[in-house]
Every structure is written in structure tokens, then in C-alpha cells.
Amino acid sequence: MTDFETVIGLEIHLELLTRSKLFCSCSTTFGREPNSNCCPVCLGLPGSLPVFNRRAIELAATAALVLNSEVQSKSRFDRKNYFYPDLPKAYQVSQYDQPLAKGGYLEFEIEGSPRRINLERVHLEEEAGKLMHAGSSILEADYSLVDYNRAGIPLLEIVTAPDLHSGSEARLFLENLRLLLLYSGVSDCKMEEGSLRCDANISLRPAGSKELGTKAEVKNMNSFRAVELALNYEERRQAAILNSGGTVYQETCHWNEETKETIPIRGKEGSSDYRYFPEPDLLPLVLDGAFINQLSANLPEQPIKRCKRFQDQYSISAEEARLLTENRELGDFFESAAIHYNQYDNLIKWVQGDLLYQLRDSGLAISGYEPEYLVELLRLLDQGTINRPVAKELLAESMKTGTDPKELVNKKNLARISGREQLLPLAEQVIADHPEAVENYRLGKDKAIAFLVGKAMALSGGRADPGELNQLFREIIRK
Amino acid sequence: MKVDFHKEVDHVARLARLWLEPDEKAQMAGQLNSILEAARKIQELDTEGVEPTSHVISLPAVMREDETKPSLPLNRVLQNAPGRKKDYFHVPRITSAD
Amino acid sequence: MKLYKKTAVELSKMLSKKEVSAVEVVRSFAERIEEVDPVLKAFITPTPAEALEMAGEVDSRRADGEKLHPLAGVPIAIKDNISTSGIRTTCSSKILHNYIPPYDATVVRLFKEIGMPLLGKTNMDEFAMGSSTENSAFFVSHNPWDPERVPGGSSGGSAVAVSSGMAPLALGSDTGGSVRQPASFCGLIGLRPTYGRVSRYGLIAFASSLDQIGPITQTAEDAALLLGVIAGYDPLDSTSLPHEVPDYYRLLNADLKGLKIGVIKENISKQFDPEVNTGVLMMVSLLEQGGAEVDEVSLPLTDYGLGAYYLIAPSEASSNLGRYDGVRYGYNAGGSCLEEMFSRTRGEGFGAEVKRRIIVGTYALSAGYYDAYYLQAMKVRTLIRRDYEQAFKQYDLILGATTPTPAFKIGEKSDDPLQMYLSDVCNINDALAGIPSLSVPSGRHSSGLPMGMQMAAPPSGEALLLKVAHFLDQQREVSSRRPQINYDEGGSCQ
């Protein structure tokens, strides 16, 4: 059996976060009634003409910059001609030989080692409409229905070099790419909504060989995990063919999520002839140095930088910093809180602990909660006004109702009961009520103290300090 | 080199999704040949180093602000549709994927 | 008083003096259409009701004392490739026979705002592909000067309408001569503006880098007024020029002193009908008498224009016409599956000339041929532009014949597409260069048919072209521009 090396390149499409479409002023809002976001331009009605959306160009150039891709001072749009019902003009306006940006790379870590994946290009094009098939699959459907809401939405295409070597590398690349582009505000990167799509090219070659083997194109993967699984499957499939002396054909394969296999589909005869030529209705795109400089100056902080800064600035661990980076809003929350509370180690404990737990449990969005409230809570705890169990409950309530913890403390009279003077009557009451437990303790059963503490806590409405109670009981009973 | 224009017409008609009757094809093959013959005259010219004209206007691209405007009402979008099913355009069975 | 015999300027004066109402004007033209269109067949969709409604509104606005544009109330006919909201727009094609646009072209919006009533949509060669209007899927239009002859194309219907008094003004579109050549065949003024001067939004595309909407009128004054309405920057058309629009009408004067004019050597010494050449030279001597300095100029690449045009235009057209697939609008041939539906719809919906050009264009763009054909044509286009730039360094204006011959007979050239293409030879290069080009009548051929002279100027030179055309107008009787049409019971014009 030969040792094979897997070579993978990815083609990623991202819908850009503009309010209006690339060439017209129709809304890009997802999920509207079918064919309700359409106009002569995006429907491709006879006589209609395209006009560039400035924001789309800015976002595309921003993406290119954060991907270290060289933005071209002059680029051009071309028509990619083919026939399909979701393509209103029978051509897609795209960029062929003069793309918006050339080259680039994404750096990230795989198991602690740094990896750089190179990019071929970044360019802008328009989305097609949406086809729905009656029945379960396109090949079995009696008819299909077309919705052009999506047609004309600006799409960014990123093409990587064949630098990836496994399905898991591909998944990691995508996760890092997603985070980077999310931070740049370029796209909301939601694969489940279709604003991020990925196709892959995969081939195998004998280890050490410099030539590329015959590649298969894999499509229809709807999650990063699916990308990993699909590529792993295809890798095994190709390896099996090559090991048995067969030939891998250049074909397109669809990933089937149910059966977890890639199925070759019968495509058009030969490769498509798109008859690219320069789009006559759009003049060349000129992006000068001033434009690029302005975009560069306004780039949001990138995730890798942020992660490092969190560690340095707040003295938190790499893992904690990663959590705050991957969940950007959580990180924003932490930073806002940290302005008013400098015990960062305590803050991070609560943020990644109880706060995060409450968020997941209740399904609330972190953006809806005031960082100042958490700071309030922590201060109350530090001052001893409340005890720890109360603090946990308070946090939950404060988050659910959006109320200032201080208010809740006063309203519910949750102030901590502490000090011998306050606790003694409680303890004596409990001792009187539970003589068996007292006796058990005297007999050497230490657990009885916990029982008594629990009862005293309940009696105090949770406000007593369990630690103090514990000591007090031991003291009294010994006497 | 003599080019078989019947084959060319077949291929191109398929690319352009144009159904042609056999006599149309034959006629078109001859005409394609003579039109291209006339067009080929331009190959006489030396165009080394000449920039192709894709636009006669030498201005940079126009940009529009990212604002939404009302779209067409649904009935206008669908008013000319030969095939319609509820709020969608209807097309017959697609036999080859993507 | 036969209002339909008046020019737009004459009607404008009468309307502003309240000598006539806009409704009366429209009625006169509507009646004229009823009278002669059954024979001449200029209109695909006459719109008398809409025209009367607009006329009524204008009369009412004028009665209210509102200050109106000079062309308010002056009716217009437009070529059926210009989108009109709610009114069928067919491009004279079966594939759009029932298409009703949900929006107005920008030029339509502009003349509606002023209050020009629309008389109807005029016949054309299908998708503007042709030079005779014989390629219309519906019917042929007839030249009012001799109904057995073509009116020219592709804006034939518009030229017929103006020439026969069915409309005082019209709009056509010019890609490779389609405004100028029919104007010449029908004894009218036809202007192809600088590329980008008039918005293409709503003009159903044939060849995007060449198409322009232009006026077809009886006089230069009328053309100047109409151009003033439709010219200007349009944010909906990325290829429209941001330059200010001059007041073309006010700039008209007859002062030609010092004007340097070049007669294009390659456009006079060809095997044209000798009377055509004489006609041009007669016009030239009038210009010299007016103070212009005339000389000969050479455009060495003239002969290569046809080859470049007949690769570029069909290539762009093949792409522009891909959208006609029966899914969203237009003719649908049915079919058991999508591919069949696409092919049959297009095979049945398009006429022969359109299919021919789609085939040529698809071929020229296809893998393996792009460099030799389309790319080479684009480079030749650059060379042709340079030719003109050189010429305009020495001359303010260059001229030649508009067409090699006067109007030919219906059926004479329709069997040989190549022959038909050759009749565009004078008009193509101006379009490739994107410069403004205007055809003026240059006298009568011995057969009684009109001839035309074509003048071209550097980009944005419309004002100069109109000025010179106006000067020539003043040297001749305007009334001699109209054919005598005597409609007899036999159904033919004399």
C-alpha cells in the first residue's frame, strides 16, 4: 500500500453584511416572503442595469485586508454565462481575471503548532436566487420553484491554495476564518442560514510527490463538521480506489448528510464553458491608496490580537482568553465590567462560571445584560453584604428580570446575616428543634454539623453565612 | 484548416440553449462560416501591445449608498410569469443537478 | 389645419400661445395614424387613450398657469425596445409578444414628467438586429416615400411615423446605425448621441457597449429640444456620463465660420451609388458657403470596423439575450423538462437573424476562440478610436454618406445576411468609437428617394452637430422633407 498525502483546497462563499443588494436597493433581509425583495435589476428584467453598492466594496476590501490579501488598485467585473432558473440574467456578474484581491493567508494553530494557509484570491460576485424542489431531491422532483429574494446579494468568494491536508485541518481553518471575518463585521457567517458556504477540492498523491492528483469537487456540506466528515470520507474513497490500482475521475460529489457519504453526480458534459467577458454595464473598480488606508485604520481588533491582549492586560489564562475571544460578546461584556472592577481573576471566574451557566440555561443573550450589574454583585459579595449562595441566586434573578442586584437585595431583604449576635438565636433555635443531630455530633458524627447548618440556613432564608454557622455550632455544642 | 461548421453550430446551439431544426442548422452553418470569414479580416491587423476597449468611457465605477428602497409588489414581480405556483416561479423538472 | 404636418417647434409655439390644445394635437396625430398606418404599419402598439389622457392633463396644467416645458403637449412615438410601464414592450419579438414591463425607462419617465403624450410603440427589427425592419416578428414597415421599399432599421417604425406625419418626433435606438440609417432612408434627422449621454436604463439591451437612444425628427431644432429632455446623468445607469447637459436649442445658430470639416476619404470614394456621393458633396459646398473650411481626411481603419462590430455586438447580444428563457416573462414553449423548455422557448421565440447573431456571438466568446475573435475585436476597437482621435485633432467635425444607397426594396437583401450587414458600413465605426453622429437629409435621389449625409464630432459634440444640421435645415424647404402620401382605396400609398 502506498503512502498517500491528501491535498485539499477550499472555495468559500460569504454573504456580505449590507442592508441592500450588490447592484440594487432591494433589502437583503433573510427570511422574508418569497419574491418580496425584488426589483427590475435583481430580477434581470429587460432593460435593467446594475449600480455598485459602496458598502459591499468596502466590506469586500476589508475582508481582503484582514486576510492579508493584496487589494488591487484596479479590478474588473466579468460576466459568467450559463443557464439555470435561479440565475435571472443567465449570467452571474463576477470577477474572473482581475479580482479585487490576490494572494493572502490565514494563520492559526493546529494542536499548538502555527499553520499558515495561503489564499489564491478574494473577489466579489452576486448571489443567485433560491431553487426549491418538489419532493426530496432535485433529480426526483416533478417541478421546482424559484424565489429571487436572494438574487443579487453581495457574495465574497475566497479561494485557498491546496494547502490543507485533512478534514480536521479544513474544519479548523473554517472555524478560524469564521471568527476572523465575524470580528471584521464583514459577514454574520451563518452556515445554517446560508450566509457562509463551502465547497472543497480534494485529491490524493503519493507522499513526497510534487504533482497534484486528480481532484474531486465536494459540495453540499452544511456545517463545518460536515466538511470534516465529507473530506474524510472522500479521502478514504479515493485511497481505496488508488490502492486497488484504479483511477480517480475528476467529478463533482454531493455530501449526503443522512447516509454520511459522498455521491458522485452526473454533471454537464465536460467542463463548463462560461464564456467570460468584461461586464460592459459596469466601469472598472478603482480603489486608491487613500481608500485602503482609511479601511486599514478602521479595522476592528482581530481575534488573535484580542486573545493575546486579554492575557496580557487582565492576567487571565490562555484558555480563559480563548473563551472570551471565541464568544465575542462575552469578551465585550468582560471588558466593560473590567473597567469598573479590577479583580480580574474573580471576575473571570464568575463570567466563565455562573454567568455563562445562566446564559446557557436560560437562553438569554449576553448583550441584554448590564456589565455594571455583575460588578455590583461582586462588590456586594466582597463587602460581605451577601453570601456566596445568595450571590448565585441573585445573579440568576438579576439576569432574568434585568434588575440591579442592589435593588433585589433590598427588596427581598437578602442581606447577609452574620456575626455571633445575629446568628446565636438561629443556632439555638435549631439546636432546640433537632436534639438528635446534636447528640449525633457529640457521638462523633461530624456530618451532623452540616445538617444543623443546613437547617439554620433554611431558617435564615439563606442569608446566614454557612462558614460562620459551622464554627458557631461546633462551639456551642462543645460547651 | 477547414472547419466543420455543422459540428460547431451543434455545439454552440447547445451552449446557447437554442433549439434548431435540421434545415436551420444547415443554413446557419454556411452563414456562420461567411460571417466569420468577414470578421476574420480583423486578424490582419497587428494588435501587439494594444489595450482592448471594454468601455469607451474612461471614468471609474459609480457607487451607490447602502440604503434600501421599496421593492416591487409581489403581483408585479409575478405578473408576466408564464409558470406560477403561489408566490413562486414554477419551472419543470430539472434533469441535471447544479 | 393639418396639425400632423407641423414640426415639434411649430406645435410648441401654437400650444404655448394657446392657439390649439394638446388634446387637439393628439387627436390630429391619432387620426393620421388611423388613416395611414394600416398601409405603412409603423406601430406595434398605438396608445391613443394614454396619449389623450396625458394631453388633457397638460391642457389643465397650462390653464392653471403653470410654466411648462416647450415640448409639453407635443406627442412622441417610441421604439418598442424602450420599456413603458403597463404598456406592452415587445422588441418586435415573439419571445416578448406579451411582456408588460412593471417600470418605465428613464427616458420615458423624463418625457412623461414634461407632459409629452405617448402615441405608441413602433416597429423595429427584432431586438434591434437588422437594417430594414424586415426582421420584425410581426410585420414589415413600409417606407412612406415608396411603400415597396424598406424604411431602414432597426428603428424603422419610428422613422416611418415621423416621415408620414403619424408623430412629430420619435425616439429610436442606435447600436450600429439604427437611428441614422432609417432617418436617412426616410429623409429625416437622426442623432446617435455620445455613448453615455442618454440613459440606457429601460432600453432593452442588444449590445451594451454600443446601444444609445436617439431622436428621429424632421428638423435639427426638434432634435435639439428632444435631446435636451432625454440627455443627462442617470444614477440608475453606471455608464451614463456625469457631464452637464448644454441647452442644445439655445445654442443653435448658423455661424459656421472657421469650422474645420473633414470629408472622410473612405466614405466617399467607395462603390457607393454615385448620386449619394454627389449629394454629400452638395451639402459640403453649402457648408463652405456658410464659412466652413473643408478638407479631406482619412480614417485608415474604416474597413476593419465591420469585422470588429460583427464580433463585438453579437457577443454582447448573446449574453444579453440569455435571460429570455421562459421562466420569468415572455413566451414559453412548454416542455417536459427544463432543458427542453429552455431550448424550445428560445428556438421558437427568436427569429432567424437573432438566432444567427446569438450563434456568432456565443462562438466568438467560447473557449478557444475568445482571443482570436472577441479579444482581437476589442483591440481593433481601440485602434479605430485612435483613428478618430487623430482626425479630431485637425477637424472639428468629419462627414460622409450615411448609407451607400437609398432605401432598397423589401425582400431585396433579406436572404443574404452578409449583404445586409454591408449596408451598415458607414455607421458602424462611429458607434465603436462612442462618438456622437448625426444624419441629415442630403437631397433627393433621381428615384425620388431621400439620401443622407452623416456627420460625426468628438465626444459630447452634440451641440456642434445640431448647429451644423440647423444651418443646413435653413438652406432648404422644410416642407420638402415630407413625402406626398395619397391614401387611395386600394390600400396603397402613392
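Some notes on this structure:
The first chain written gets the first letter, and so on, giving A, B and C; residue counts start at 1 in each chain.
Here, a residue touches a chain if its C-beta (ideal position, glycine included) is under 8 Å from a C-beta of that chain, and two chains touch if they have at least 3 such contacts.
Source: prediction; values computed, not measured.
Comparing chain C-alpha centroids with the centroid of the full set of protein C-alpha atoms picks out B as the closest. Between B-C and A-B, more C-beta contact pairs are found at B-C. The centroid of the Cα atoms in subunit A and the matching centroid in subunit C are 57 Å apart. A separation of 24 Å divides the Cα centre of subunit B from that of subunit C.
Once the centre of each chain is set as its mean CA position, subunit A and subunit B turn out to be 40 Å apart. Shared interface positions of subunit C, i.e. residues touching 2 or more other chains, are given as 99, 102-103, 209, 235, 238-239, 318, 322, 325, 327-329, 338, 342, 362, 366. Shared interface positions of subunit B, defined as residues touching 2 or more other chains, are 15, 17, 54-55, 57, 59, 61-62, 64, 72, 77, 89, 91-96.
Across the assembly, subunit A contributes 40, 43, 51-52, 83, 85, 144, 146, 273, 275, 280, 282-283 as residues in contact with two or more other chains.
In the complex of the two chains, the subunit C residues touching subunit A come out as 82-83, 89, 91, 96, 99, 101-103, 105, 200-205, 207-209, 235-239, 315-316, 318-319, 322-323, 325, 327-329, 338, 342, 362, 365-367, 370, 374. Chain contact summary for the complex, subunit A toward subunit C: residues 40, 43-52, 79, 81, 83, 85, 88-91, 144, 146, 273, 275-277, 280-283.
Against subunit C, the residues of subunit B that register as touching in their complex are 8-9, 12-13, 15-21, 24, 28, 31-32, 34-36, 38-45, 47, 50-57, 59, 61-62, 64, 72, 76-77, 79-83, 89, 91-96.
Every residue of subunit C that touches subunit B in the complex is listed here, in rising order: 98-100, 102-103, 195-196, 209, 235, 238-239, 241-242, 301, 303-304, 306-308, 310-311, 318, 322, 325-332, 335-344, 346-348, 350, 352, 355-356, 358-360, 362-364, 366, 372-373, 375-383, 385, 417-418, 421, 433-434. Considering their complex, residues 15, 17, 54-55, 57, 59-69, 71-72, 74, 77-78, 85, 87-98 of subunit B touch subunit A.
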